[in-house]
Each structure stands twice: as C-alpha cells, then as structure tokens.
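To keep things clear, I will list the structure first and then write my remarks on it.
Letters A, B and C mark the chains as written, and numbering starts fresh at 1 in each.
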Amino acid sequence: MTPLLKVRNLQVAYYARTGEVCPALAGVHFDLNSGEILGVLGESGSGKSTLAAALLRLLPTNAHIGQGSVLFEGKNLLEASPQELQKIRGGRIGLIFQEPSSSLHPTLPVGQQVSDVLAAHQPLDRRSLAEKTSQLLATVFPADADRVSHSYPHELSGGQRQRVLIAQAIACGPSLVIADEPTASLDPTTQQEILQLFRTLRQKFDLAMILITHNPALLADLADRILVLYAGRVAEIAPTEKMLSSPQHPYTAALMRCLPPQAGEAQRARKAPLCVIAGDPPDLSPQARGCLFEPRCTEAMEVCRREEPDAFAVSATHEVSCFRFAR
Amino acid sequence: MQPLLSVGNLVKRYAAPRSSGPHDKLAALDGVSLSIAPKTTVALVGESGSGKSTLALCIACLERPTSGTITFAGIDLAALDENRQRQFRPQIQLVFQDPSSSLNPRWTALEIITEPLLVQRRFTKQERIDKACALLDRVGIPRKMANRRADELSGGQKQRLAIARSLALEPKLIILDEALSALDCSVQAQISNLLLELQSSLGLTYLLITHDFAMAGHLADQIVVMDRGRIVESGSAERILSSPNHGATCSLLAATPRIAEAHVELVIS
Amino acid sequence: MRYVLRRTLHAVFLLLGVSLLTFLFSSLTPGNYFDEMRLNPQIAPETVAALRAQYQLDRPLPLRYLHWLNAVAHGELGFSFAYNSPVGPLLWVRARNTLLLTVTATLLAWLLALPLGVWSAARFGRAPDRVLSWMTASLLVIPDLVLALGLLILAVRTGWFPTGGLVSVGFEDLSPLRKLGDVAWHMTLPVIALVLAALPMLIRHVRASVAEILEAPFLRAAAGHGIPHRKLLYGYALRAAANPLISLFGFSVGTLLSGSLLVEVIMSWPGLGPLLLEAILARDLYVVIGGVLLSMVFLVGGNLFADMLLYWADPRIRTAASAK
C-alpha cells in the first residue's frame, strides 16, 4: 500500500536579518499511511512546529525550504503551484494550529469561520452551506451547536475554541489532519474530551493524523506510531507501545526517565529527585558537527563527535538514528 | 506544630459580568479552609474555574477576600489594611505559569532579580548585585547570562529566573501558580529538582497550584482538591492518589494523561 | 442603547464647552467691526454708538453669551455685520458648497486608499511596496498650498479647467444636465487637490494596520484552511484591521467642513473657508462663532459616528461596553 504521505529529507532554515542561518529541520523523513495516527514528540527547539508549517508551506517569509520532498497522494507539495496548494490546504489536509485563542478571527462569528472553509473548497449554494455548517458543528459540539455558531471567539472557552478549530480542519473531509499541540492550554478534563474526539473522528472518517506534542503521555492511547524529533532531526521512530516501553535512542530513553512517577502507580520514593537530561539545549548553528545529542549523551562514542548518524533499523518498524545501532 | 499559613472559611465573590458565556463567571471562593505546615508542600489541584488561582491571589494579598481569615505566622492578613499588609509581602512570593509574561522581556536577568531588592530600599547597589549573583548561582543560571535580556533566555532559564526573583526577599512561603505546566518534560524535571533542593536547603514552604496530578503526587506532602470554589477533599498525597473519595478527585485523576503502567515499569528497569 | 446615550451626552457637553471658549476668545480679541467704521471720518460717532447698541456690543460678556446661546437654541445663529444678514442662511449656503467638495473628495480618497493600502501591505518590504511608499512620502511632503497652486497653474496654462468659482457665467440658462456638468467641471481641480492631500496619510495608515494583521496567527490559520487569497486580504485581514481605520474615518468625517479651507481660498471655491477667513479679518464676530461651531458639530459628530461604527463592527467592544 502506498503511504498517504512520504516525507524525504525535509530541510528548513530560518534566515535572520543579520544574515545568520539557523537550520530548524535538517533532513526529516517518515511515511504515513491512511488512517494512521503518527505522534511527533519534541521539546522546544526540536523543530516540531516548523515541521507542521513546512508540510503545507505556511512558513514565515524568512524561512527557506531546502532540498527534500513531501509527497502527498502522489503529489510533491514542495513543488505545487499556489493554486494547487490552496486547494490542498483545508481541502485534502486539515491543519489545527496551536493557541486556539489566537487562531480564530476576532470579529467574525464562529459559524461563519467554519462556513468560509467549506465555501473555499466546495461550490455550494447558501442553503447547503448553512446545512453543512450546522452538521459539522453538531459533530464537534454535541450539545449547543446552534448557540456556539453565532458566538464570537472571545465568548467561548478554550475547549470550545479548540473544537471550532477541529471543525474547520475536518470541514471538507480531508484525508490527513495535522494538529500542533492541540491540547496545550486546556484542562485535563477538556484535554481528554478533545483526545476522545480525535479517536471518534479517526474511526468515523478513517482520518490519518499527525499529532505534535511535547507530552508523551498524550500519545499513549492515541498514536499508532511515535516519531521523536531532536534538534530538527528524527531521533527515533517506532510503534507507540515499543517507544514508550523500551525506547532505544539515548535521548528518548532519557526523556522517558524524566517523567514524574505516574499518578496512582506503585510509588517510587516520593520527592526523590527526578532524572534529568544533563547539559544545554542543542547547538543549532550550521557549523555543528557530529551527533547533536552527543554533548548530553551518557553513551556517546568517539564516532558520535565526528559524524551524524543515519537512521538504522532495529526492526522492520523501528528506526533509530544512533551509532550504537549501526550494523 | 503551628501551621505557617492557615485559611479560615474564606469567601470571595465577584460581580459576574453580563452577557458573558457561562464559563466566564468569575470563580467565587465559597468557604475555604486549609492549613499549611512549615517546610512542607501543599498541592492545590482542580479544574480551571475551581478557584485555585483566586485562593492564591487572596493569600498573596493581591485580592481582598469578601470574608474569612488568612492567618500567617499568627497574624490575620485579611484584617490588615493595605499598608500593614505590605510588610508581609516579602514573606509570601509568587511564581507564575508563563515566564514570558511575568518577566519584563526587555530587562536583563540581573535587573529582574535586583528589582525587588531595590523596592525594599535596604541594600546598597553592590549588595544588591552580590545577592543577585548569588541567587543566579543558586538556581543554576550561568553568570554569563546575567546581562542577557529576559527574552533571550530559554523557557527553563526564564522560569529559573522567576524563581530566583521570588527568592530575593527570603520568603517563607512561595506560591507556584502552574509554574511547571508550560515547560517541556525534561525541563520540568530540572525545575522540580531545583524546587526540592531549595526547599530542603532553605526551609521553604510551597503552595503548588496545578492540574497535573502526577507532578502534585511527586512534589507534595498534602493534596487539596478544589471544585467550584470549595475544597472537596484533602489529605496526604499517598492517600489521595491511591484511594480518592470524592467524585471530582476521581474524575480529575482519571483525566490525567498517563502512560500505561506496563510501559513505565520497563522504562524504570 | 445606553452606550449611544452616554456618548451623545458627552458630545453635547463638549459642544457647549467649545461654544463658550470660541465666544470668549473672539470677544476678547482686540478690535471689532466697528473700530474700522470709527476710523472712517464720514461716519458720525453717534451712528457708530447706535449701531453698537443695536448689535448689543455694549452689554457685558456673560449676558451676551447667554443671549447668543438662547438664540442658537432657537436656530438663530446671530447676525453678520459685514453682510448685514442673519448668519444662518449665509453659513448653510457656504457649508453646502464645501460639503459638495469634501464629501466627494473624502469618498474618492478612501475608495483609492483601501485597495492601494491593502495591495501595498500584501507586498510589504518588496519593490512595489517601496515604490508606492516613496510616492506617498513625496506627496506627503508637498504642502497643500503648493499642490493647489500647482493645479491652478495647470488650469491657467492649459485652459482645460476653470480657474475658480462654482459655476460659469450664464449658469442659469443651462439645462439641468448641463448645470450638473458645469459644477462637476468646476469641482474637478479642487477635488483633485483635496484627494492628493489626504491620500498619502490614508494609504500609509491602511498599509500599516493591514501589514500588522497579516502577521497574526489567525491569518496563517485561515491560509492553512485554504481560504482564497483575495478573501484573506479583504474579508479577513482588512476586517480585523478595521478598528484604527474606523477611527480615522471618523476623523475624516469630522474634518469635512474644516479641512478644505486652504484649497477653497486658493481656488476661489465659494465655501465655508473663504467666508470664515473674511469674517475673521473683518472681526465679524457671529459669523466666526457660527462657522467654528458648525465645524465643531461635524468634528464631534464625526467622532461619535466613529464610536458607533466601532461598536457595531467589533463584538469585543460590545461585550466590554455591556460589562460596565
């Protein structure tokens, strides 16, 4: 089965006005199949938000996409014309940005903002448009869809705004939805509701998703596979179970050890210091040599300082970019 | 042992604005009582709208409660006028969730820490700088960052700076209002270690406001659960996490995202 | 509704205050119409005194003001010494002429500024935007006086346009359609002068507000949903950038009577401007006060209008206002 999305060697760099170049993504590659949920796990500076924007070419003007290809349904998005891109955005790929409070137009009613997405991709008359909009809102707002439709963003709660963003993303029945930190500013209960909504949507519409977050616990019950991003590179990619129970890459393993003891589990010593990842965030300048995690790695080898590792296969579905796994 | 802080039947009502959505009704405190023993950590857990931040603001004397008592080191703060309250401010400090908005991005790290010292008017310029450098060392910010502007620091460093600022006046109680929520996992671990270390070496008392039960369970001695302006359950951390009683506690615990037990066991070993 | 009433009440108080100040200042300026008369040896001093009494100039200031306020409330704006007629009708005719000019010019300027500003903002920092910025900066630097004079010279040299006035000689005999055409022909140059004077500022404001909004997250999000480019610019960006522009529009409305004085004088357009100028020079008290008051009504009204428009356009203001 051909993958829905094939990303190969995606490179993105930001150009500062002083002429400095800051590489944000340096050769990201992964596949995504239909109906699959891929979790992208990354901390600040890993390039996760850049990845979301780069896939649909929504980067700011000072960003430059280098080599690489993003093949979606057979078409390379990096070479698509503006018209083709406009049809794909929202039409075939839905996007849910961070920060629901600032991702909605402040002075338009929420219902209209959903209608606009529909109208942009489907030639509908006014009545069908209104009908489809209310159906859509009813999917994400089981209760008071009608009242919400006429509200303005500042009259809604964080969770409600997030649902509107989801409605906009799925409006035209896309085959892929990219969600960037969709539950970041929400309460735990609301968070669970949104995650449940994602599960329902995946079931109903056979939706593929790329879920970007810095919290591994969110991906545990939702994602099929997890991709770990470090310093703009893929550190490890594996099925969720494998990734959470036996992460292979030193960074992923260290990250999992950092987590506080899970609420309700057999108690480790409470108030004992947590494991941390020593060292500073990675040096992203273009002059950096070798594996970017090497300064903080407890298992670094000589070669790690000189060269960057390729992705080595640990199993058919598990790849790690670390020299410890080189054949 | 006498509690450091004890809140008695605190009530706070706001006039609700008209024509706002139901979620906008400002949380009232509806008869809240709790006590915090010195050198311990109490975690205040609840949904947004449950009143936790309102309680924190009242304790820090930034909001005046409608009725009730706030006894700190034997004195009822709620009954004092603003001038007398101000004398107690140095002893109760706050660290907020988002360091990008609680720190002036244009000021340098040094300026941010020396500001509270400046306001107190008790120290000479050299004393202020010395104290500030000592604090930077304490929280693990390299000296070379002292003259960097706040917006040039990373998220974790900013939060360390916020903690250093709160330590400047040698407080007894630090209120951490979702101070760890916005941080990455690895940074959360570092900051929580820092907080534990500061507590044991400086004898600090923490009131940790959070909706993350995992962090609460890890850092706190006592957990207090709030729902709609009231305390619905409180007890030792172990007890609350292993056998919660109240419905609100149970649903919050259930909602906390977690990696399944099987996964975690393997990681530890 | 309460919002409207509150703002209207503010406006009324403001107008009263302005009228008092204007009255005060004009009365306190040295000299009055009759000083000139006194210098004329052919007029007997008794006549001057009688005329002064007739115009009540010998009563104390507060009484004069109250008397005048009373008259205004009844719709009489006083009496013009120079023209020897009530101020009211005099002002209306001239104001009507001015409004003809300024309403046309304002509408035209805004209709041009909006698309040009949006176009410029969409290409912010790139060559086309820079060229337009350079052009507007140059236009901004040229004083209105020079613009008007320049156009006048054009009219004189080429004869394509009349060099002044509202209508041509023999206007009365023209057919209605021809009359319209005649007025339009006379209006062309003054309108061009006014538009050229106002356009650069408007374009820059539109450009700045829209450029700022184009960086906003919700616009990127809308682009991510595939909203077509034109709708993004006008339906989303311009709409979100509307607040400062609405205030500016209110200001445009506010200066409908007062902004064209210079152009009117130079191009001999029989509007409020030249009338006021003459009246000030001739110490024709009530005309000055009446003219200033009328301008103020427009200014305050314009602001009020902008407030109403903001209230209607921005739901956040509605929420905040009803919360108070």
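The definition used in the following text is that contacts are C-beta pairs under 8 Å (C-beta built on N, C-alpha and C of every residue); 3 or more make two chains touch, one makes a residue touch a chain.
Predicted model, so just to flag it, every value in this text is computed and none were measured.
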Inset, instruction - Tally the contacting C-beta pairs at the A-B interface and at the A-C interface, and name the larger one. - result: A-B
Legend entry - Chain closest to the middle, measuring from C-alpha centroids that were averaged per chain: A
Legend entry - Rounded Å distance, chain A centre to chain C centre (Cα mean): 54
Legend entry - Averaged-CA centre spacing for the pair chain B and chain A, given as whole angstrom: 31
Legend entry - Where chain B touches two or more other chains, by residue: 20
Inset, instruction - Give the residues of chain C that touch two or more other chains, as numbers and ranges in rising order. - result: 319
Inset, instruction - Please list all residues of chain A that touch 2 or more other chains. - result: 155
Legend entry - Parts of chain A lying in touch with chain C, wherever the complex brings them together: 53, 56, 58, 82, 86-91, 94-95, 97, 99, 102-108, 113, 116-117, 120-121, 152, 154-155, 165, 168-169, 171
Legend entry - Residues of chain C touching chain A in the complex: 216-218, 220-229, 231, 235-236, 239-240, 242, 313-316, 319
Inset, instruction - Enumerate the contact residues on chain A facing chain B in the complex. - result: 43-45, 151, 155-157, 160, 187-189, 191-192, 195, 214-218, 220, 241, 244-247, 253-268, 270-271, 273-277, 281
Inset, instruction - Using the touch rule from the top, collect the residues of chain B that touch chain A in their complex. - result: 20-21, 23-24, 47-48, 154-155, 184-190, 192-193, 196-197, 211-219, 237-238, 241-242, 251-264, 266-268
